[in-house]
Structures are given as structure tokens and as C-alpha cells.
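Same chain, two partners: chain A is paired with chain B first, then with chain C.
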Partner chain A sequence: MFEAIAFYLFAFLTIVMFYITVTTSQALHALTALAAGMILISAFFFILGADFLGAVQIIVYSGAVMALYAFGMMFFDTTRELKEKKGNNAIIVGLSIIAAVLVVVIFAAPMVSTNMAAHYPMVADAGNTQEVGIVLFTKYLVPFELAAVMLLVAMVAGIVLAGKKMDLSLTLMDEAEIQQIKDEQNKKVLS
Partner chain B sequence: MEIGLNHYLVLSTILFSIGLVGVMRRKNLLMLFFATEILLNSVNIAFAAISHYYGDLTGQMFAFFVIAIAASEVAVGLGLLIVWHKRHGNIDLEYMSTMRG
Partner chain C sequence: MDTAYLIETVIKIVVILLVFSALAGIGTYFERKVLAFMQRRLGPMNVGPYGLLQVAADGIKLFTKEDIIPANVVTRIFKIAPVITAATAFLAAAAIPFLPQFTLFGYTVHPIVADVNIGILYILGIMGVGLYGPLLGGMASANKFALLSAARAAAVFISYEVVTGLSILAPIMMVGSLSLIDFNNYQAGGIGDWIIWSQPVAFILFWIAAFAETGRTPFHLIANDHEIIDGFGTEYSGMRWGLFFIGEYANMFFISFVIPLLFLGGYGDGSFLGALALLGKMAFFFFFFLWTRAAWPDIRPDQLMWLCWKVLMPLAVINVVITGFVMMF
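Coming up: the complex of A and B.
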């Protein structure tokens, strides 16, 4: 009973928040609505017994990702109204619904064929975090390490891209400008 | 009333279509990133629900990897967006036609 109430309440709130995110013309409203939606999604994970996933969702999304977006928005002009594409609304909604139904078919196909069995069943008398740790560090050790390397690469890429001197484009400049920059650098080195 | 797997899959579908509508009608690249976050999260709900109703932890594992990928996508994407904004002064999709694609 309580599960049903919680599910419908959080489902309604999440849909409203994400609807605001995709329709509002203010970037800041979209950002705050997205952050609220992320936290509300973690509620589903707690209902489903995936406690660790819910905690990770809150920490990563409303902590790291939202902080990154808020930081990035300082660089952009977010006060002006956003312009929208003036496309055919019927085509957009139709394509979205078709794609969403395809997603459901992809998820539901193994269940309909009834040959789905648990590869890594839940361990008895262990909390969700312990189970996750056992499976993650035995069966999924290599993907885990690869994810770690990928995050390192993303960190280096973020630092390099947002660093200085990246506002110059050598491909869009002509030879004289490039030569001028080189001369300035040489002067600095010599002096 | 019992909440089953289908309820979660329908919710995931609704959120996925909201995200797709956002991807198709937004012009600003930052708003497009928000829509992709919605897409990734809706799929995460489906993974967690299947993991719960089949007693299998694989769904939760994939949700973790999806979260890791989303985080690194945001870092690299925002870096590229900042570089673009420094050079051109806007982040609208219609001006990104240097390659005449």
C-alpha cells in the first residue's frame, strides 16, 4: 500500500520536474528542475531496495554533475530567453513515442521469451551494499577498472579543455596571425 | 494495489519520451545535455526495477556503469562547450555549421 502511494507520488513529481526541464525557456529553471528530478529518481532506487545505487545517484548527480553544470553556466549567457526549434510538433512527438515503445520492446523481449534467469542472484543475509561489493569486485572487476581509467581520461580532458590558450583556433587563423603569436612567445622566452 | 515491473517500465518509457522530445526541440546545447541526462536516468530506473524483480544484481551493475559514463560525458562535453563559447560567443546548434553538414 505504502509502496504504491510512494511510487505514484514520486512518479508524478519526477515527470513534472523533467517536463519543466525540457519545456522551460529559462536555463536556471531547467537546471534546478533537473536537480530535483535526479533526487526524486533516487527515491525509486530506495523503493526497489537498491540502497547503494540510490546513494550513488544522489552523490554523483545532484553533487558532482549539478555542480559541474552550475559551474559551466557561469561561462554562458543564461539570462536571455532560450530559442526553440520551430519544427513540426506532430513529427517530434510521434518519433519520441515510437522510440520509447522500441525501448520497452527491447527490455521486455527477454522476459516474454521466459528464458531469463538470474546470473548473479542476490546473496542471502547480506545488505545491498555488501552484495554490490561482492559482485562488483569479482564478476565486474575489469569493467570497473576500465570505468576508473575512463573517468581519469575525462578528468584530464576537462582540465585541458577548460584551461587557458584554448580560445585560439589555429585552423581558423591565417598565417600572419599565427606568426605573430609565435613571435610574442619567442620574445617572452628570450626576455 | 501491488506495484509490478510493468509500472516501472511504463514510467521509464514516459521519462524516456520526455527526454527524446527535449533532444529534438532544444536548440541550446546545454539544454540538450540536460535532455540526455534525462534519457540516461530513465534507463537506469528500468535497470534497477528489472534487477529487483528478477533478483539479479546485473541490472544494478549496469546502472553504475551508466552513471560513470554520464559523469565523464558531462565533464568532457562541458569542456568542449566552454571552448566553443570562448571562440564563438554562443552555444546554439544552428551556428555550429562550420563543416556545412
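Coming up: the complex of A and C.
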């Protein structure tokens, strides 16, 4: 009974949060609702007994949405409402309903035909974390390593993009050197 | 799920909430006294004997002060931000075993609310979410200083989480579990079994990251009084500001429990002496938070990021690699 109550409560809250994310015109409301929705999803993992995935969901998405906040801070005055260009409401509502129905059908179809079986059944006496590890390093080793390589590529690209003056470090310089750099920049502006 | 378990859990939650809300208040008294003695002052002296009732006076002031919502703030977010800080601090406490299990009137009590098998991950994750409080409060406040502090909160969050995660990885590899109770049992043999002897680097890194996590002095840049007034708290008044305060102090207490449980043997074999030892270790780490505040200056945000990414993170990675090699061969 508690499981059912918890499931419906968190399902309702998650949907409300993502609805706010999509509909509000206030950037801060949208970001906060997104973060709340992401964290509420972890509740489903906890209900299903997948504690490790639940905790990872919280850690990963709280960090990811934090980065979005940083962007929001840079690009908008987040205390003001944005004026949005509103398109045709009927098209938006219709398309989102069709998309939602499609997703439900895609995931529900195998369940209806009742040929669902766990490909990788639970290993007896192995904890939650170990089970994730076993599947990750046997069946899904190649996608896992590919994801790692992709992240490495993204990291290198980020460093190249951001690192135009990587040989300079303001932290390691003393005040005189910093002042010298500032003076040079000022000269350029003046001349 | 039987009724006894439900009642027990509810009682545990209420006890933890009451004890640590009260401790957060008393923590401010300790902080002021310790700082005062280190700076050759007396600290609070007027209200009650040795100023002990100062806590109550502050409480009354916070509760009765007018709750001002300034113009131009994003009202809903502004109101909810302090609650996030306080709530997440206490949520994290759910997976901390505060004492060894004991028998009360023939009923065995486990002083941990939820013995999840990923305790340490859960605690670190929820404590990380706690930084949303300063971030949201700062961004909602229509105030330049508050916005600066929100930007710093994001920077701190992104920097220290990597260090905590990686530094804790090496001990986790040794213990082979993420549960704090397993950590404790691994070190139950006595002082020689403590993880600090085999993982001194991880211990120091985690300790440093704990300062960033709680926003205490060397890394107190989120609400640095002499630079950005009170940062995210500038526009807050009354109990909403008080909730930020309770959250910060509760976090300090909880992290002071987690460090000894991870590295310093926790409550050991579970005897009465072991429980006292855990409380003693907790008191030392709490005192150390106050000590650094009296002794050390604050660092700049760029210095914190430099420290976390260029010094602590490589050290943590090297530590993990070396631990892996030692365990393999």
C-alpha cells in the first residue's frame, strides 16, 4: 500500500514539476522546477529498490542543472519574466499529446504481448552497486568505453575552446605582473 | 512493513530533528565563545550565566522578527530557498548511524533512520543539493551581491563535488561497500584498523572538501561578509535567514559525524565507550571548523577552483590508481 501511495504521489509531483518547466515564462521557475523534477525521479528508483541508481540520479542531475543555472545567470536577468513568442497553441498541444501517446505505446507494447523477461536477471547475494557494475563491465562494456571516449573528446574540445591564454595563471602571478597586463590592455583600448 | 517499525522510524526522525535543531542553536553559542577566546575576548556574557541564554534570546529574535519579502524578488523561489538548505541538511542525516545499536527496555534500537546500502553516496548527493539553497536565494533576490554569491555557489559546487567523489573512492574500493555501517564494521578492530592509516591522502582531501561543502572559513566565499555583505542572505530577514543558519550548522554537525565514520573508526565495536568515542571525534571535527575560522583567512573563488581542479583532483586520481595497484598485486 505504501508503495502505491508513494508511486502516485511522486508521479503526480514529477509531472507537475515538468509541466511547470515547460509552461512558465520565468527562467528561474523553469530551472528550479526542472531540478525538482529530476530529483523527484530518483524516488522511483528508490521505490523499485535500485538505491544506487537513485543516488546517482540525484548527484548527476543536481550537478547538471546547476550548470544550466550558471548559463541562465549569464544570459538572462532571471528575476524578470521573459516575453515569449507564442505560436499556435493547438499545434503545440496536439503535437505533445501525440508524442506522449507514442512514447507510451512504444514502451507498453512489449508489456501487452507479455513476452517480457529480464535479459540479465538479478545475481543472488550481489548488492545493488555490484549488479550495475557486473552488467556495465560485461554486456555493455563497449558502449560504456565509447561514452568515456566521447566525454574525453568533449573535455579536450572544451579546453581548446576556453584555453586561449592557458599559459597565464592569474593565481600564480604577483600583483605587479597583473597590473602590467591590465596596463597593456588599457593602452590597446586608448590607442 | 509492520506498525512497530513505522512508529520507531517516526520517533527517530522527530528525535534527530529536535536534537540537531537545538544543537544548531547551541553551535552558534560555541562558535561565538571559541572565536572570542581565540581573539582574547569574552564573547556573549550578558544573557544568563556565561551568556548561555543568548541562544534562546537569538531564537526569540529570529522567530518574532518581521518576515520581509522585498519588491522585485521572484517571490516563490525566494521563499523556498531557505527551506531547501535546512531540509536537505536533515535529509542527509537519514543515512548516518549516529550511535551503535542499543537495547532499550528489551527493544533493539538502530539509531539510523534508513539503512540504505549506498549510504555515503546518498549523503554526499543530498548535501550537494543543499547548495541549491544559496544558489536559488541569491538568484531570486534582485540584488547584485546576492547574485555574485549565487555565481560563487555554482562555482564551489562544481569544484568540490569532484574532489569529494574521487577522494572517497579509494576507501570505498578497500571496504567494498557504500554503507556507513559496513565502513564502521571494517574498522571495528581497533585503532590499528582505521582507514586513515592506509588512506591518509583520501582523509585530508575529504576533510578539505568538507570545508567547501559546508562553506566554512577557508572557503567561506559564498557569503563572505567583508566582500559581498551576506551574499545570498542579504535580502533575508527573520526566520527565513535563520533557516539558512540552521542548515549550515546542521550540515557541519552531520559532516563531523561522517568523517570519523569513514576514516576514524566510527563507533568501533559498538560498546558504550565506542559511542562516546564517536561523539568525541565528532566534537573535535566540529571544533576544528571553528578553529580554522579563527585562524585562517578566506581565499578567492578563483583560488578555490585552482585548488580543487589543479591540486586536489589530480592527487585524488593518483590516490585511486595507487590504491587499485596495491589491491591488485
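As a convention for this text, the second predicted complex is superposed on the first by the 139 of 191 C-alpha atoms of A that agree within 3 Å, B and C clash if a C-alpha of one lies under 4 Å from a C-alpha of the other, contacts with A are read in each partner's own complex, and residues count from 1 in each chain.
Methods note: a residue touches a chain if its C-beta (ideal position, glycine included) is under 8 Å from a C-beta of that chain, and two chains touch if they have at least 3 such contacts.
All figures in this text were calculated on a predicted structure; none of them were measured in a lab.
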| item | value |
| --- | --- |
| Touching partner for A:A109 - first (chain B), second (chain C), both, neither | neither |
| Contacts of A:V56 with chain B and chain C, given as first, second, both or neither | both |
| First (chain B), second (chain C), both or neither touched by A:T32 | second |
| Partner chain(s) touched by A:M73 [first = chain B, second = chain C, both, neither] | both |
| First (chain B), second (chain C), both or neither touched by A:A162 | first |
| Chain B versus chain C as contact partner of A:T129, first or second or both or neither | second |
| Contacts of A:L9 with chain B and chain C, given as first, second, both or neither | neither |
| Shared chain A contacts, counted only where both chain B and chain C touch the same residue | 52, 56, 69, 72-73, 78, 169 |
| Residues of chain A defined as touching chain C within the complex | 2, 26, 28-29, 32, 35, 39, 51-52, 54-56, 58-59, 62-63, 66-67, 69-70, 72-73, 78-79, 127-129, 169-171 |
| Residue numbers on chain C that touch chain A, as the complex places them | 1, 72-74, 76-77, 80, 116-118, 121-122, 124-126, 128-129, 131-132, 135-136, 139-142, 147, 150-151, 154, 157-158, 161, 165, 177-178, 302-303, 306 |
| Chain B residues touching chain A - in the complex, by the definition given at the top | 1-3, 5, 7-22, 24-28, 30-31, 33-35, 37-38, 41, 43-46, 48-52, 54-58, 60-61, 63-65, 67-76, 78-83, 85-87, 90-92 |
| Chain B-facing residues of chain A, complex | 1, 3-4, 7, 11, 14-15, 18-19, 21-22, 27, 30-31, 34, 37-38, 41, 44-45, 48-50, 52-53, 56-57, 60-61, 64-65, 68-69, 71-73, 75-78, 82-85, 87, 92-93, 95-97, 99-101, 103-104, 107-108, 111, 116, 118-122, 131-132, 135-136, 139-140, 143, 147, 150-151, 153-155, 157-158, 160-162, 166-167, 169, 172 |
